[in-house]
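Submitted below is the structure of interest, expressed as structure tokens.
Think of it as A, B, C and D in the order they're written, each chain with its own count starting at 1.
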Amino acid sequence: MRPSSLQPSLSVDIGPLSLRNPVMTASGTFGYGEEYAPFVDLNRLGALIVKGLSLEPRAGNPPPRLAETPSGLLNAVGLQNIGVKAFVKEKLPFLKEYSTAIIANIFGETVDEYGKVAEILGMADGLSALEVNISCPNVKKGGIAFGSSPEMAAEVTKRVREATDLPMIMKLSPNVTDISHIAESVESAGADAVSLINTLAGMAVDVEHRKPVLYNVTGGLSGPAIKPVALRMVWQVVNRVNIPVIGLGGIMCPNDALEFLIVGARAVEVGTASFLNPHATMNILEGIETYLREHSISDIGDLIGTLERP
Amino acid sequence: MRPSSLQPSLSVDIGPLSLRNPVMTASGTFGYGEEYAPFVDLNRLGALIVKGLSLEPRAGNPPPRLAETPSGLLNAVGLQNIGVKAFVKEKLPFLKEYSTAIIANIFGETVDEYGKVAEILGMADGLSALEVNISCPNVKKGGIAFGSSPEMAAEVTKRVREATDLPMIMKLSPNVTDISHIAESVESAGADAVSLINTLAGMAVDVEHRKPVLYNVTGGLSGPAIKPVALRMVWQVVNRVNIPVIGLGGIMCPNDALEFLIVGARAVEVGTASFLNPHATMNILEGIETYLREHSISDIGDLIGTLERP
Amino acid sequence: MHPVPLFIKGRILDNLEAVRGHFLLRLKLPPAFHHPVPGQFVMIRVTESQTPLLARPMSIYAFEKGAGHSVLEIFYRVAGAGTRILSGLKPGDELSLLGPLGNGFSGNQEARRAILIAGGIGISPLTFLAASLSPIREPFPVEMTAYVGAQRKEALAGLDRLSAVCPDIRICTDDGSMGYGGRVTELFERELDAFDPQGCAVYACGPRAMMKRLAELLEKHPLPCQVSVEERMACGLGACLGCAVAVRTPGGDVAFMRACKDGPVFDIRRIDW
Amino acid sequence: MHPVPLFIKGRILDNLEAVRGHFLLRLKLPPAFHHPVPGQFVMIRVTESQTPLLARPMSIYAFEKGAGHSVLEIFYRVAGAGTRILSGLKPGDELSLLGPLGNGFSGNQEARRAILIAGGIGISPLTFLAASLSPIREPFPVEMTAYVGAQRKEALAGLDRLSAVCPDIRICTDDGSMGYGGRVTELFERELDAFDPQGCAVYACGPRAMMKRLAELLEKHPLPCQVSVEERMACGLGACLGCAVAVRTPGGDVAFMRACKDGPVFDIRRIDW
């Protein structure tokens, strides 16, 4: 049999969570799934992560919310969302119909809010896991992001762990000195997996009008520009923790995804790429398959973490 | 008189250092000046910052040392340099002939090494200032970068301050949780100015061979990709310190430089841009002048830090 | 229901400078592309390239469904890096296209008269609207009046096409180099009372300042008015929430709607200018 | 002294596929561009674009100084994204060019015979060298033998041009589809002893593995040999230290030299393979 005719096995385990393939959608870039349903057979995704949810609906920031930068996108949506209750009532029923793992991305302004959101979602039917965004500011601790201190990150992890039995992925912020330290901290606190990276904090200026392009002044940078940073952080974290690592940041094509897998990510999330091409997740999935075939790798597990040192 | 015929004043003060204009070369991207002398009238630069110098010569890393990324350049030169003594003997005599401010960029593997390099340069004739690179690892403290802790950064600052009276610019690392905290710390420790940002730590993988593109595995990311992050950090720092801030990171054209000045940088450094176009520094200088003329700004000081909040 | 959008490739038929800095792009599309509603738009990107990163939203200027293919027209102004690259493309080059997107203008079945108010490149979706209104309900065609404004004569673009479907065009230039000397909203204000609000509808597209002024003029006036707004967009599909438009909620608060999905056409009175 | 490099624009005269995946680019340059030494190179970039970010180093394949302008030729293989973009450019398009750069081959005034060893696209600088050696010192011209290797017949590129200046070409293909079946270094090894080291010099350019093997062959042989090496480059001017080549120091240590400034041509015995 020629290697290219083999159907490689693509399934991966993220702790307690089994996925049919490693290609997931990144939170905030795929809406609640329905927006992309005309383009993507949602049943072919490894997992679908929805826009971040908070306890109460949030209006978000005034426009402009977007700025384009070289190979990058700055956004300051301000975590606009319909709130966890409306999500369960209005969005989850549609998503439940799919056989794909549905993962809710959540955040809070206090540790307790994280717990409450997790509790509500833990009781809802149809979710496979939670992804906990700790890049947002802790209003009680002067607006410092939860994800910027190992202690605060652990506190959130413990609170969510108490609130639900759902598999729990902690999504780490890259705006820190030592991301592997944060990863270790959430691992000890009970996280089932970590995903990284969220956006890098950035800014753009309108030189003609001498004002920030974004109403919010600063925003989060995503897209190809951040891929080298994301890869480096995933590499650092896989070398320090034993829980699975999900890699993301600037994955636009199959090659980008393969870089993350080779470095040791168990799965990848595709974000900004979907804006450029609504079929991006499927192209990436197919490209990974082709690579495995061409390299006679029958199980994706035999590719993950195989980076050679020079 | 039509505004466009005015010759705007471009001179800026960086603490005790007066520069004829705000356009400087970034360390490591302009060699020792002589490499670019066929393209740039060095006397027209605001200042010329040379490649980082250590006490002893350093061989640097084996190749490959470079990797291209979307709108970015990863480098892992490994701080190769001829050492401070050879610099004073072989390179400084050439540079001294120019009327431009010559700034030596320095680094060490221990606090004491920083001090020794600064002492030697303080006694040499022809330097206008030191720029102290604290992004490099502290060998005594387990390889953590000096620039990643406010305490270590302050220690280096104090040691260099004791060693010389030369104006001292602390060059900050962006790979930290809170860069403005580091900036405050070096300000209290006696820095005359800060420059930021140095490169973001990044990585790239050769998917075909499943190995890192760089021999050193990780490298420093520069170029347009990092500009939004650099701008955001300059904005944070100008809002927290009283000493002058020098901005850099991805400045490729006059508009990029103007963004930094409007945000509050007193001067800018041009790095990777010179690789793409050896005349980049001059194009940027001329573009800033044109902007000032077109906007009837007679003194660059009236532009610096004029960002309006939306 | 609106047509389901597709992500497809289009081949350039021509891409010609019509008026200084304004280009007419004609694209050949596969027949699968659905017939758009006036006011809908597409997201355009230069195939394969990641520079610029994002697709650019462009209103549909004209659409014709043929047997084997359709022809879509875009009328655009070179405004920055992305449109500059677009303007350099040649016949035969390929583009990626996502669309048709957004809600489009909703035709008022009762309306006998349409007033179109266009500022600058805002003429594009209104021309498509006018073309689709003009043959409607013969032998009682919709009467149309168009107010078209620009800074100066040389910047007036797209008049030929519009005048073919709307004979009553009232031109305004800020510098008075052609037509009424002043803003398009000024002329409209003067003539506003001549229109019978009964069976009459206003459709507008132009710079924010123009639409804001229009909102003020109509605040206490019964004329219904739909405006097409512009916002920076990433996905065009309602997923990223990047294209927020501030609207007033029934409770009096401000909420953000998506220009790409809930718009780009809004009732002028809903928007919080 | 070497000619001072310039940063200038060049206009494409033609850019044609010579052999599959291999293009001959002819550029019209202003007369200010200095006459290069064989083995020197230029850094090329597509004007204005920042994609790809860095310029690409390319050896000079031919150069002719005319009255009002010069013509520079590059022979290149499509190896990745940058060269793919290059291969899409058309006559009339503009490029930025930095050069001439590097040291180039140093001609041995005594040498009566030159042996050229080329692997793949390495034929480019050696062709320029051969063209400049051939008319030298008439009526006692330098005798030349060229070993030219490729994976298979279809990948042999640039033979026409080389054969015009060097009649003695010995072809090797890995798969034996043309000439000697095997590596270029194998054939050279077999024939090595037939050359009189006196007045003879070897010039080589090709894949690293080829040059490393050549270094082994010549380790105990008196034939002098210069090789042109490839390294990733950013500045091309010796400023960034990105293009490190490991060389052995007299003390036996390894030091790094700059391919762009100290090279790209090195004595094969200096390099730490």
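By definition in this document, a residue touches a chain if its C-beta (ideal position, glycine included) is under 8 Å from a C-beta of that chain, and two chains touch if they have at least 3 such contacts.
Since we're looking at a predicted model, the values are computed, not measured.
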Intersection of the contact lists for chain A and chain D: B, C
Maximum centroid distance from chain B, chain identifier (CA atoms): C
Length of the line joining the C-alpha centres of chain C and chain D, rounded to whole Å: 56
Inter-chain centre distance, chain B versus chain C - centres from mean C-alpha coordinates, in Å: 47
Rounded Å distance between chain A and chain B, as computed from the means of their C-alpha atoms: 34
Cα-centroid distance, chain A relative to chain C, in whole angstrom: 36
Multi-partner residues of chain B (at least 2 other chains): 67, 70-72, 223-224
Touching two or more other chains - residue numbers and ranges from chain D: 50-51
Touch-based graph of the chains, sorted into line, ring, star, complete or other: ring
Touching chain combinations (by label order): A-B, A-C, B-D, C-D
Residue ranges of chain B in contact with chain A within the complex: 67, 69-72, 74, 148-149, 175-178, 200-205, 207, 209-212, 215, 217-218, 221, 223-229, 231-232, 235, 250, 255, 258-259, 262-263, 291, 306-310
Residues of chain A that touch chain C when the two form their complex: 28-31, 35-36, 38-39, 51, 59-68, 70-73, 75, 77, 80, 223-224, 252, 272, 274-279
Partner chain A, residues of chain C touching it in the complex: 4-5, 7, 45, 50-55, 96, 98, 231-246, 254-256, 261
Chain C residues within the chain D interface of the complex: 49-51
